[in-house]
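For reference, chains read A, B, C, D, E and F in written order, and residue numbers begin at 1 within each chain.
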Amino acid sequence: MSSSTPTPDGDRVDGRTPDQLREVRITRGWLDQAEGSALIEFGRTRVLCTASFSEGVPRWKKGSGSGWVTAEYAMLPRATNTRSPRESVKGRIGGRTHEISRLIGRSLRAVIDLDALGENTIQLDCDVLQADGGTRTAAITGAYVALADAVSWAKRHTDLPAAAEVLTDSVSAISVGIVDGRPLLDLEYREDVEAETDMNVVVTGSGSFVEVQGTAEGAPFDRTELGALLDLATGGCAELARVQGDVLAGQA
Amino acid sequence: MSSSTPTPDGDRVDGRTPDQLREVRITRGWLDQAEGSALIEFGRTRVLCTASFSEGVPRWKKGSGSGWVTAEYAMLPRATNTRSPRESVKGRIGGRTHEISRLIGRSLRAVIDLDALGENTIQLDCDVLQADGGTRTAAITGAYVALADAVSWAKRHTDLPAAAEVLTDSVSAISVGIVDGRPLLDLEYREDVEAETDMNVVVTGSGSFVEVQGTAEGAPFDRTELGALLDLATGGCAELARVQGDVLAGQA
Amino acid sequence: MSSSTPTPDGDRVDGRTPDQLREVRITRGWLDQAEGSALIEFGRTRVLCTASFSEGVPRWKKGSGSGWVTAEYAMLPRATNTRSPRESVKGRIGGRTHEISRLIGRSLRAVIDLDALGENTIQLDCDVLQADGGTRTAAITGAYVALADAVSWAKRHTDLPAAAEVLTDSVSAISVGIVDGRPLLDLEYREDVEAETDMNVVVTGSGSFVEVQGTAEGAPFDRTELGALLDLATGGCAELARVQGDVLAGQA
Amino acid sequence: MSSSTPTPDGDRVDGRTPDQLREVRITRGWLDQAEGSALIEFGRTRVLCTASFSEGVPRWKKGSGSGWVTAEYAMLPRATNTRSPRESVKGRIGGRTHEISRLIGRSLRAVIDLDALGENTIQLDCDVLQADGGTRTAAITGAYVALADAVSWAKRHTDLPAAAEVLTDSVSAISVGIVDGRPLLDLEYREDVEAETDMNVVVTGSGSFVEVQGTAEGAPFDRTELGALLDLATGGCAELARVQGDVLAGQA
Amino acid sequence: MSSSTPTPDGDRVDGRTPDQLREVRITRGWLDQAEGSALIEFGRTRVLCTASFSEGVPRWKKGSGSGWVTAEYAMLPRATNTRSPRESVKGRIGGRTHEISRLIGRSLRAVIDLDALGENTIQLDCDVLQADGGTRTAAITGAYVALADAVSWAKRHTDLPAAAEVLTDSVSAISVGIVDGRPLLDLEYREDVEAETDMNVVVTGSGSFVEVQGTAEGAPFDRTELGALLDLATGGCAELARVQGDVLAGQA
Amino acid sequence: MSSSTPTPDGDRVDGRTPDQLREVRITRGWLDQAEGSALIEFGRTRVLCTASFSEGVPRWKKGSGSGWVTAEYAMLPRATNTRSPRESVKGRIGGRTHEISRLIGRSLRAVIDLDALGENTIQLDCDVLQADGGTRTAAITGAYVALADAVSWAKRHTDLPAAAEVLTDSVSAISVGIVDGRPLLDLEYREDVEAETDMNVVVTGSGSFVEVQGTAEGAPFDRTELGALLDLATGGCAELARVQGDVLAGQA
């Protein structure tokens, strides 16, 4: 399934307009064995998202009647332009990996009713197969599709009631940034390294914010710039929500 | 040095008004041996910030003519209400610690001219001695004082030219959040755990944003709420900038 | 590119004859940024193999005039039917992973003239995206294609002479085993768990053995059974060598 | 609370007589949340000691009817004159840290009746905020005050009977050494690095030895020198016991 | 107990004929406290093998009625000609160690009836005190003696029935290799480093194969060479089985 | 070589008198490849000590003209009565191991003239093969023999001048303790666990103390008891010095 917008007079590195997403492609059920899975692509960025459903919850939630959703993010060593050492070989997980894993988990939990899930756990895994900017936001967007499929699977194969309203909304995410003084949507890697300000925004299907993370990489930013970036992100996420909806409706 | 605002009709847990900071106290030079140090207190939150100046830079910056500033955050095991195991004993640093260390480093680098610093390194250490909410923002605010003192020290004791304009601005940070539907400044721990939305904002002395990190812990938030939180944070940081200025001017 | 053999009267779990490979598919250049890459599939088993070329060698080979080839194998957490914890999260690499990484490295070095490679390193990464038996042998077979492409790349983009005869032969690998007393080629997972004897065989394009690893999982085996397994493996690897050749010739 | 002795004709680096302690200061209850806490200072050496009371015991003591006291010692990275890397970042605890933690635990257990404590645990944490020699002995001396307060707290807030005789004695510790052939009490850092022999002595309030650890750093020592060092230490610890008593009596 | 074969016209580095073992010596019960122990020597190679019997099984076998046998292999730092760092100091176990530990465990489990063992565990430890080639095969051969003694011990001291047929066969192992084009039995270190092909073979007392691991270190090998190596190994293991039998019969 | 004293009216667990050593046996050159090695036995306690000589020093000593001696202590998993997990498997070295390694290193450095050693390193490894009390003191006593042989080796095989006076004295160590109120020499394990006070004493050949480590395990001890323990230890070490001398003179 792919989203494609005409490109009138864009002068970004790949010819896009400032408010244009890269081509987004979500292949649902890319794996045969996971309860939910999706390969999501934003241009060259390619993330494999899986959702593993298991009965029971971590010890600290036992007896609560409520479930748990958590996430792990990782990158294959040659996802990037030059090879990075494996975290398993280094024997420790880096700060960036931890930070992104936590962001993905929080973002998806924002649209899950953990009580409705019952004492079940869904583990999300987002593995970047190829990286060209926006991997964490692609991961969130793809993980939602995998999560939705895992919930459906559980309703068919476990005690989870078919009528349980586990998902309260959809969720997607996008990166925005200010490059050469101009706010841009969905930065690819070459844009990302030049951005003065870089922001990741996580938005629900109904348009509210779950997470806003803006960082001045170069010059600090003001309220006006912040506003422009949020506008771009809101628009981008609305489009992503449509793509997710189409994919889950089987129309993509 | 302490900031204190009258408390007309506040009904927060400790009687503050929604836009009132806790009592802020910065003890400059709390240690005898560090190039810069400050014990910062926001109510019961107490963070020891040190700045260690050393000549030379990490390998990846050698020969660049430019310096480096980095930070590490940690919490003593009994800083919190119940004891937490040491990360040194667990053998690994948690995601939260990594995330905050990276935030502090980025925030302070935003007001440093690394070229003016020359091939020197300043290592910031922020150790929480007692935690009652807002430890990461206290750490940033206190680290700025330690950093400023370490830069002054280096101008007196190393080759760093006295005229070098190493610091380009000051920086401080504060947490804000929505509790029971009401935007509040400088959450203490009891407020923090009940917040629907929690936001950490890092602002320069001249009023621009360095970092905006908003997270919906409960319900997602909208643009209006985001605006109210940013207003509160901007005001709080302006007050913190004044406290920092007074302390560094020796008037506190 | 796919290999396909008619299936007259096979009664294996998926209808294959005892000496029949699963459908083998090699997608060359699956990634955009690696010097060599191949996605290899044996039925549902899917391994992403990359070859990263870099100038220079590990410290212990410096000044030797000779190069190095090494490999790392890993499995995504949800490659398997039930999720396995990440080795990066556990903080240590398991014995099985180590063992397979070493096997892949040795197998590929058997067909490389390290002197002809000069002081350059090729790092192979084999990441299992989906596992259904035979992942280590698929990894070796796919890694050869990635390796060949990385060598070609280096001849075009580095000082490596175009005439250097770096590859001395091709190499592929297959698993064989005795299931219900019957020798079978290319075990899928369900067969693998029932095998009394399990053998991985690595064979050069010219038909010599690089590695023979036979293990009695159930009853010990005798010379006759060993012979039958080696016959099957030799035939299977000959077919894989043809597939590799076709893929590298651009005919697949 | 501070101990101070006149300094007639001392010619030590800071003017003390050979048998004179540095100024000792114990601030009881330095933290708001711990069951017991004390900031102890020996001159510039500054150690924050906390005692955390919790019901229950480690698995290996369950059902024994008896409690447990254990200790962890650590140093902030910039406690020393030049910064040391964090053990949490290195991923492992050094031998020196382990050794001192074990010494503190043994020393405090020597004055606790674990049976009278019941199945409860007291965890001591001694974190060096600034180091100028004698950190381990300061830690033991301060930990006793924190421990005593945690026991009192438990008698007021838990099932621990008010009449339980949990503490059987007090305990304090001091370092002594031979510098330039002369036995000295309470070495500061500059003396410690020049000492030929260095000894840490732990003594109960009633004057018996709990631990004697003498090490020849330079020349080996004989029985006469050992005797002189023990005399100094016994006197120093008697003074420390008085300081502890005053502090706990609320007279300091 | 030692095996010794006449050496007519051998021209190997130590004068042995191609099919001649080094002097093999097994000292049963070398330790006083282990349930089974053996010091095994192949020439200068010296491995201390212990078998520790304990009631109960790992969690994943609980309630199965069946037991478990597992093994760990390690080398003292100065077992080799130049000292190697300890794996405990490096904080991680190397791939080679893991691989050999797994091989030893599999080999011994091949001759144990785990059901007959009941819910008991035997842990084998094989520590190389001095290494001169063939340490893993010596470890397997010696571990069998320790295992047999631990089983006997358990029959005398635990609920394990004296009549239980726990051991189904004996097992031993030997290395063979092609050096200068010539197949040789039981390589010592100097031969091992020059071998073109290196093979470890594990054989039951009744002559069947448990494990065949052949690796082309230099040139790949063909079926004829493979056959010659297996012949040598079969003969060597038959001799080792006799030595094991004599030792266990108390005749050595 | 063995020391043996008549046992008139001893009533210790093994019939020794209070001031009697266990049978001490030192087998010099127990390994073929180490520059120095000794297997030392105190009754059932058995420690393999090796000394590895290498040219060069750790980075922090480079250019100092002076050498280095360091030590590592470890225990095989089944050295003890019940098996302990390997520290390499746990991935971290315990506090006790660290503490003992440091003690051994300090003790041997006390009798080495590091300047006379030149920029060379001697690494001592003390591996406990069987433990029955007194392993650390046996390790020190045996390590001295290995060290002396490594120094001799270096004088014959390296640039170290034959006339260099590298060893300034000999060193040995013994444990003493108070059991049932009675001071005893050389505690075996059963005595060690019952000791009220436990002391390890390291003494030079000329009778001075290198290290005195006394710990009250039960009741604190007084000066009289301390004196009695030091007397016992001094006598024991004098006997050990004679044994070491005989062994090194080749008379044992």
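The definition used in the following text is that contacts are C-beta pairs under 8 Å (C-beta built on N, C-alpha and C of every residue); 3 or more make two chains touch, one makes a residue touch a chain.
In UniProt terms the chains read A, B, C, D, E, F = Ribonuclease PH.
Fair warning: this is a prediction, and the values are worked out from it, not measured in the lab.
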Steps needed, at fewest, to go from chain B (Ribonuclease PH) to chain F (Ribonuclease PH) via touching chains: 2
Centroid-based (C-alpha) most distant chain relative to chain A (Ribonuclease PH): F
Of all other chains, the one whose Cα centre sits farthest from chain E (Ribonuclease PH): B
Inter-centroid spacing, chain E (Ribonuclease PH) versus chain A (Ribonuclease PH) (mean Cα positions, whole Å): 52
Centre-of-Cα separation between chain D (Ribonuclease PH) and chain B (Ribonuclease PH), whole angstrom: 33
Distance from chain E (Ribonuclease PH) to chain B (Ribonuclease PH) - Cα centre to Cα centre, in angstrom: 60
Per-residue multi-chain contacts in chain D (Ribonuclease PH), two or more chains: 91-93
Sequence of chains encountered when the ring is traversed from chain E (Ribonuclease PH) in the direction of chain F (Ribonuclease PH): E, F, D, B, A, C
Of all residues in chain B (Ribonuclease PH), those that touch chain A (Ribonuclease PH) in their complex: 92-96, 98-99, 101-102, 106, 110, 204, 207-216, 219-223, 226, 230
Parts of chain D (Ribonuclease PH) lying in touch with chain B (Ribonuclease PH), wherever the complex brings them together: 31-34, 37, 44, 48, 50, 52, 54, 72, 74, 76-78, 80-83, 86-89, 91-93, 97, 123, 125, 127, 129-130
